[in-house]
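Each of the next two complexes has subunit A plus one other chain: subunit B in the first, subunit C in the second.
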Partner chain A sequence: MATGHEAATSAPNAGEYVLHHLGNLNSSGHPQTSMVDFSIINYDTVFFSSVLGVIGLFLLWRVARVATSGVPGRAQAALEILIEMVGNQAKAIVHNEQSRKFVAPLALTVFVWVFLMNSMDFLPVDLLPFLWQTLTGNPHAYLRVVPTADLNGTLGLSVGVLLLCFFYNIKIKGLGGWIHELFTAPFGNHPLLYLPNFVMQLIEFTAKTVSHGMRLFGNMYAGELLFLLIALMGMAFPSMSPFGGSLLWLGHLVTGTLWALFHIFIVVLQAFIFMMLTLVYLGQAHESH
Partner chain B sequence: MYLNATLLAQITVFIILALFTMKYVWPPIVKALDERAAKISEGLAEAERGRQSLALAAKHSAETMREGKEKVADMIAQAEKRADQIIEEAKVQARIEAEKVVAAAKSEIEQEAARMRESLRGRVADLAVAGAEKILRREVDAKAHAEMLAAIKQDL
Partner chain C sequence: MEQVFGNVALACGLIIALGAIGACIGISLMGGKYLEASARQPELMNELQVKMFILAGLIDAAFIIGTGIAVWFAISTFLK
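Here is the complex of A and B:
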C-alpha cells in the first residue's frame, strides 16, 4: 500500500497520464476546452508535420535531383517504384492528362507525408514529451508527436483535398456548369428536385471530407491510445508484487511488440488509403454526372 | 477532437509540399523513366534491325557463294571444252603437216626418179650406140646415123 501511494504521488495516475499525453502544445498553454477555437494553434502538430514534410520531400528531392535515365541507383529505383505506383493509380482514376501533372505529385506527397507522420507513432510514447519537458524545465509541458493523431492535422489534409475538388470542378466544368450540376445531380433536372439535389451534394461533400480526415485520425488516435495503455501497463509494474509486476512487464513487452508490428501495417495502409481517396475524390471532380 | 487554427496551417503546408513535389520531385524521375523507356525501345528496335540485316547478309553471302560456285563450274567446263578443242586442232594441224611432209617427200622422190630416168635414158642411149658400134664395128658413120640415133634416143 505504501509503495502504491508513493507511486501515485510521484507519477500521475492512469487517467491523468493519458489525458496529459492527449494534450497539444498549443498557443493557449493548456489543452483546448471548446470544440472549435480558431484563436488557438497547435505548435506541436504544425512543427512535426512541417518538419516531417520537409525532411521527406528533401530526401525525395535529393534522389530526384541526380536522377539518371541510365542504370538507376537503389534510392532512385525505390523512388521510381513509388512514383510508378502512384502514377499508375493516378492514371487509372483521374482521366485528365493536364490535371494529373499536379494531382499525381500531390498523391505522392500525401502518401509520403502521411506515412512519415503516422510513423511518429513508432517512437516510444514518452520519449519526445520527456525530452521536451526536460528541455523546457517544465515537467507538465504538453507535446503530441503524431500530427495525424490530431484532428486538425488530418482534417487539414482532407479540407485541402476538398478545396482542390472545388477548384477542379470549376476548372473542368466551369463555374456555371458546376453550379448546374450541384442542383441537377444526382436525382435529375427538374425544378422540384433542385433543393434535394443541392442538399444531397452538400451531404456528399461533407461526408467525403469528414470521413476522409476522420478515418486517418481515428486510426492514428486509437493507435496512440493503445501505445499509451501499453506504456501504462509497463509503468504499473513497480507497484505490484514481484510476480504480478514481472507479468505486467512481460505483458508490456509482448503487447508493445505486437502492436508496434501491427501498427507498421496500419501506418502504411492508412497512408495508402488516404492517398487513394485523395485521387478518387479529385477524379470525381473531373467527372460530370 | 478539438479544431483550431492548426487546420489552416496544415492546409497551407499541404499545398506548399504538393507544389514542391510537383516542381522538383516528380518531373525528374518521370523524365528519367520516360527516357529509359525510350532508350530500351530504341535498343530493341536496333537489335531487331541488326537481326534483320544479319539475316539479309547471310542470304546475300549464300547467294554470292552459289553464284561463285556456278561461275567456277562454268569456267572449268569451258576450259575443258577449250582444251579438247585445242587438242583437236593440234591433231588436225599435225595431220596436215604430216600430209605436207609426205607430199614433199613424194614429189622429191618423183623428181629423183625422173632425174634417174633421164640419166638412165642417156646411159641406155650411149649403151645402145656403143652396142650398135660394136655390132656394126666398121662402118658406122656417126654423122650419117646421128639422126637415126637421136630418134632412137627419143623412143627410149
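Here is the complex of A and C:
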C-alpha cells in the first residue's frame, strides 16, 4: 500500500495514483489494509450516501408538493413515468396488496438513491478529491466519492434488504411457519431432511445477499477503476507530464468520452437491477413453498 | 518477486479473458434469441427489450466483478 509519506518524495507513478484514489477517508486515517476490519468507518461513504439520499428525497418531495391534476409539468411527467414503471414492476412481483404499500415506495427510493450514488461516477475523478485536498490543506488526503464503489455501502444496502426479507417472512408466515419452512423446504418434510434443508436455506440467503451487493459494487468499482486508468492517460498532457509530450492525452479525451457515455447506461441499468432484485427477494419472502 | 509479479500478470489476464469469453457467449446467445423472438412476434419487442437489458446486466456482472478484482490485483502488485 502506498502511504501518503512515500508519495510525498516524488510525483506519484501510475500505481500510486490509482491506489491513492482507492483509499477511503476513514476513521483510521490511512487506507484499510486488512480485508475485514469492523473498527473502521468510511466517513466519505457515509457522508456522500446520506447527502445523496437527502437530495433524492428532497427532489421527489419538491415535485410531489407542486403536483397538479391538470396539465403536468416536465418534472411531474418524468416522475409519474418513473413511479408508474416501479409500480408496475412491484405489482407483477409482489402479490400482496398490504405489503405493496411499503414495498413499492421502498423500491422507488432504492432506485433513485442507488442511481444518484452511481451518478457520482460522472464527476471528474479528481475534482472532489482535489477540492477536499485543497480544503484540508493536506495534499495526500484521501477521498472516494462513489458510495456504491465501496463494498461497505452496497453490502449495507443488501443486508438491509435481507433483514426486510426476514421481517416479511415472519409477518406473512408467522414465526412458527417460517421456522417450519426453513427446515422443510426445499427438499421436503422428513426428519432426515431437516438438516440439509436448513443448510440449503442458509446458503440461499447468503448467496442472495452477497451477490446482490457484490453485483452493484463490482460494476461501480470496475467503472471507477477504468475512469482512473483513463485519467492516467490525461496525465500525459505535455506541460504536466512525466511521460514526455506524447499524444496520449488525446486518447484520454476519446476513451474518457466513450466510457462516460457507456457508463450512463451501466449506472441506470445497475440501479434498475438492484431495484428489481430487491423486489424479487421481497416477493420471494411472501411465497410459501 | 519478479516471478510472482509475472504469475499475477498471467492470472489477471486469465481472469479477464475467461470472464470475457463467458460474458460474450452469454450476450450473443441472448441477443440472437431476442432477435429471433422479436422477428417472430414483433409486438412483444418492447417488453422483451426490457427483460433483455436486465439479463444483460446480470450476465455482465460476473465478468465486471472479475475485471475489477483483476485490476485490483494488478495495481496492488506489479503496477505499484
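Quick notes on this structure:
Keep this in mind: the second predicted complex is superposed on the first by the 269 of 289 C-alpha atoms of A that agree within 3 Å, B and C clash if a C-alpha of one lies under 4 Å from a C-alpha of the other, contacts with A are read in each partner's own complex, and residues count from 1 in each chain.
Heads up, the rule we're going with is that a contact is a pair of C-beta atoms (placed from the backbone, for glycine too) under 8 Å apart; a residue touches a chain by one contact, two chains touch by 3 or more.
None of these values were measured; they are calculated from a predicted model.
In the superposition on chain A, A:L79 contacts subunit B only, with no contact to subunit C. By the document's definition of touching, of the two partners only subunit B reaches A:K101; subunit C does not. Shared-chain residue A:G218: touches subunit C; no touch with subunit B. Comparing subunit C and subunit B on the residues of subunit A they touch gives the larger count to B. In the superposition on chain A, contact of A:N152 is made with subunit B only, not with subunit C.
Of the two partner chains placed by superposition, only subunit C is touched by A:A14; subunit B is not.
Of the two partner chains placed by the overlay, only subunit C lies in contact with A:I273; subunit B stays clear of it.
Of the two partner chains placed around the shared chain by superposition, neither subunit B nor subunit C is touched by A:L182. Taken together, the subunit A residues at the contact with subunit B in this complex read 24, 26, 31-32, 34-42, 45-46, 49-50, 53-54, 57, 60-61, 63-65, 67-70, 72, 76, 79-80, 83-84, 87, 101-102, 104-106, 108-110, 113, 147, 150-153, 155-157, 159-160, 163. Per the touch definition, subunit C reaches subunit A in the complex via residues 53-54, 56-58, 60-61, 64-69, 71-72, 75-76, 79-80. Note for the complex: subunit A touches subunit C at residues 1-2, 14-16, 18-19, 22, 214-215, 217-219, 221-223, 225, 229, 266, 269-270, 272-273, 276. For subunit B in complex with subunit A, the touching residues are 1-11, 13-15, 17-18, 20-22, 24-26, 28-36, 39.
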